[in-house]
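Contents: one structure, followed by commentary.
Order as written gives the chain letters A, B, C and D; numbering starts at 1 within each chain.
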């Protein structure tokens, strides 16, 4: 019999692996709608307020051969992989698909979905890019009001302030708990691995957060007494865009190092900021998404995300960082040199890896291993 | 009597037609001197048929090197047509019900939508030969098996391993790492064939797949290639006899009907 | 074989000089005590004009294209950006532009390479695709290392295409107008100059007239034979990408419009052997414009594209499906607020805007062009160099095919020759021409 | 119906070889170690006696790394009466480093090449360029041969040893002569626009058919290779002394072009640079053995 803590992580894994079955059952159980979203800029608060289950559309890490007719292959594998899942019917249970404006890659996946996959409800939220301007929050508040109306029209049910408070409470709680758990990655050795942390976040994006919160509460009680024995004490950070490549995390951590923090929209970036209460609920939500740790596609003219990554690297006391670049992701690719420089200035070495449809571990292993050797310097052999 | 000469990236192929019947076929590797390579094969074909150049009314050239023999002795091809048009005509000749032609040669994969032997739409792989014969050869070398044997080998495999076949050489190194991680040669060859099939099918899907589907070109000779391709495209595929000669045949057919 | 009469454009020299002077004015701005700013061709270039007559800009995309045109220099730029650690899959214009800064060299339209890249005094940009704001953010970063701190202002215009606006969505316009108002205060702050609203109104009015004029010129290309071919149009629409807000631009387009009208009246063709009319899509591979000459050997003429018509031209999409130049508003704006409202509403109508959000709408526009411009086939450039304009291009292909239009897609890159295979593309293109029954014309 | 076929020569195939370096008698030596470098294309074994190169062998990597490891090491020891079993410590490196059955530890080729380069060229080495079968590595190291930072080519293996093999076949020039051939042009042609092997292949073919000489095409290909390598070097930052290891170090076509463009002359190797990885591994093996024996 497993200790409870292992069961919790097993539950996270199971939720990810069986996410389609989960959503299907949830639907039958509750009789409510399930909506797929492509980018974390979709305000899930409003969907929870409408008793809708938002699930993030993620890929499968198989070469997306069937998307060729719809998306030119120079767009990132993630957006094509997502669309491929839809085309293959993996998401047939969805009642709607919603995209919160970020990159044009995912925008394409959204439009192809809307045009080629039977779906009852499709909505594109014009999330502002100018998040550093003072005009963004008032504008986005109106844009959210429009989205709210549209959902109400679709479900035929008004969304009250109380509903919105409920949505905000569920999301905030989830974020808070995941942040608290992340704290335990600061200690040495950390109390959870990078893979476990990734599986925690990914599962949060595909299941009912109320259920997820219960798991997190338990995990939080158990964690303090957990002893992780890691043969090496190399503390790694992983930085990049969307990343749900669990195999890669596992392989790297099997080489001895441990990921102690990340900067991904499938990681800390997803739960770093809460909604701060305001009389106008929509304005409060708008503020959260405008002021959250940004996706580079919205992070200009100042490079605030890089500063955030640097702070994380300091707080979590990392030795080195792997910078993964989803091939063709311009917003992240553009920031690689300044990111590398900023981390170097605080003495954190980086190594760039280009991620594609599938990760060629044979090739990457040498790079990662050599990077780890460089961090330790193989001192004893000189 | 007409002849079709297909000067491909690796082989030159010749077909001689007499009243719609094939009376000679020949192929040989292409050297740098396209004209010479083509002429040599042409001679062999003539010899087989016991003919001389003058017995042939019209010669149509096709393939990447087709223009090299246009109006140049000894062949003096009367016309050069693209391998797309020739492939469509040839496939139509051997399978009149054909609507989609998949032509996989040494360096190029092509998909052609056909109606009554005429081209409706087509697609050719751009910039990467990961879906072509050269790729299989490189992989065979990495695997240290004969190209001919690879197809059969792959059929023995029971495990599918997804492989990233973006770049020929890179895929090769991936093969090497698969070998190093002790994956059986059978499974590796299957991974390779699946990868190519995936690449070809994703390309062909751009023009849409309608039955009957005919597979031509050198790669059609490879037994391991057909099953994954049929699986990827969810359709049965017809492989005619002498698939690598179909474009040459098409050229010969076109030569026979100058006023098509 | 019927041949149309043809003759060179009279205003060709004028066009050449305008472009030449533009880059040199920017280079020498400081000598005249003027200001230099950098930003995109899509930016609200009329707004900085309010800072005075002596404010010169350099727009990034045309500069990137100029670099691309000179392959050797372009190759050096790519090497420089890759050596600096940037992925080679990024926007090709952006990499050409950065490379120029990293090499500290500035290239003029005749290929002359000047030492020392002229840093701008400020950056005035708008964020239209994933890269536009980031592009100049990194220019700022690079300039700080190389020369000086360059202040940057960037306007977010990502509110969608007007066709989804209903009156109660004025907030979308207000969002942008608000940013422009803030931008004017910012301009005064960073330049220390007093802002002149009268100059703003002139600039805005110029831009509206110039972009409407260009549409008028493109509409004249519906004539058979086409008075202009796309290869020529590239050298003409470029004025709008450089100085759409300047009086010279309006004046030049008026001259050009009259000349093209006259060519149509007299049946003067751009290509004497015109047999088969095509349109393309997205920016061409600038280093390989000879493909257009190759096409002419088959009697094929590109009469333009949604890109050449719509990047600068302002159009109106009528519900019955016709596509006509957007008429200039009844009266010139008189105040700052009027000017900003006018230019925002006008700009958001840019047809090139539509495809960012709705593939269907772009397909419809292309379909109307095919019908109204009597086009036989569409050549789609799957442009690896530009995520922005290639977005949804596969959907457009599907849409056009189901509308029964022959489509030839080809891969390339507007600014990085390594992504374009001339030999391969030509042989595929030849195959396409054969498949639609064209034969090479006897030379 | 007879079908004509033409026999092809394997221009890509390079010679395999072995050598016993010193006449030194290992019987009265204290430490005998080996480094076995199983690369993606070539495998090398370096046997060290008291930290000095004793014997080595270089051969093509076979389908099964374990067998290759045994083969290449046994071959290296051929003619000596030393056997694998007698070696105190063996370190595996290279692509197949984890598949060396008789190795106690595996260390990446990056660390080993830096260490080996330090041994071959001396402590002044600061930048090591290793062009291997499928990877190209630019390594910065200190006076002890310890890696400070490194970069490897992205996933496309174009312009590496394997690429050269394909290219040798393509223009039918034996691979050992490629470099020389590529230099026999009066004037350097523009580099091929893309060295993705297949793309370059199509491009080179069309150049050949436009009447370019093999030499000219080879020059264009090597020039492109040099450009690509230089991108990598400039990214990691090049500092003197600069050395080149790995099989391609023997290709003067690449080396002289790098020299020309970088204006830095790589040091002359005192021994076969293809051994750097194996040597480094052998030296690490010595250190590990001594550590094990509590000798350090």
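Brief remarks on what is shown
Rule of thumb we're sticking to: a residue touches a chain if its C-beta (ideal position, glycine included) is under 8 Å from a C-beta of that chain, and two chains touch if they have at least 3 such contacts.
Remember, predicted model here, so these are calculated numbers, not experimental data.
The greatest centre-to-centre distance from chain D, using averaged C-alpha positions, is reached by C.
If each chain is reduced to the centroid of its CA atoms, chain A and chain D end up 41 Å from each other. Look at where the CA atoms of chain A average out and do the same for chain B: the two points lie 45 Å apart. Centre to centre, using the average C-alpha position, chain A and chain C are separated by 36 Å. The set of chain C residues that touch two or more partner chains comprises 84-85, 394, 419, 421, 424. Counting partner chains per residue, chain A has residues 68-69, 354, 356, 360, 362-363 touching two or more of them.
Shown for chain D are the residues that touch two or more other chains, namely 95, 155, 194, 199, 202.
Viewed as a contact network, the protein chains are fully connected, with every chain touching every other. Considering their complex, residues 9, 24-29, 32, 34, 40-41, 44, 48, 65, 68, 107, 127-130, 134-135, 138, 143-144, 166-170, 172-173, 176-177, 179-180, 182, 185 of chain B touch chain D. Chain D makes touch with chain C in their complex at residues 193-194, 199, 202-203, 206, 227, 230-231, 234-235. Residue ranges on chain B touching chain A, taken from their complex, read 162-166, 170, 173-174, 176-178, 180-181, 195, 198-199, 201-203, 205-206, 208, 232. On the chain C side of its complex with chain B, the touching residues are 394, 401, 406-407, 409-411, 419, 421, 424, 427-428, 430-432, 434-435.
Contact residues of chain A toward chain B in the complex are 61-63, 65-69, 356-358, 360-363.
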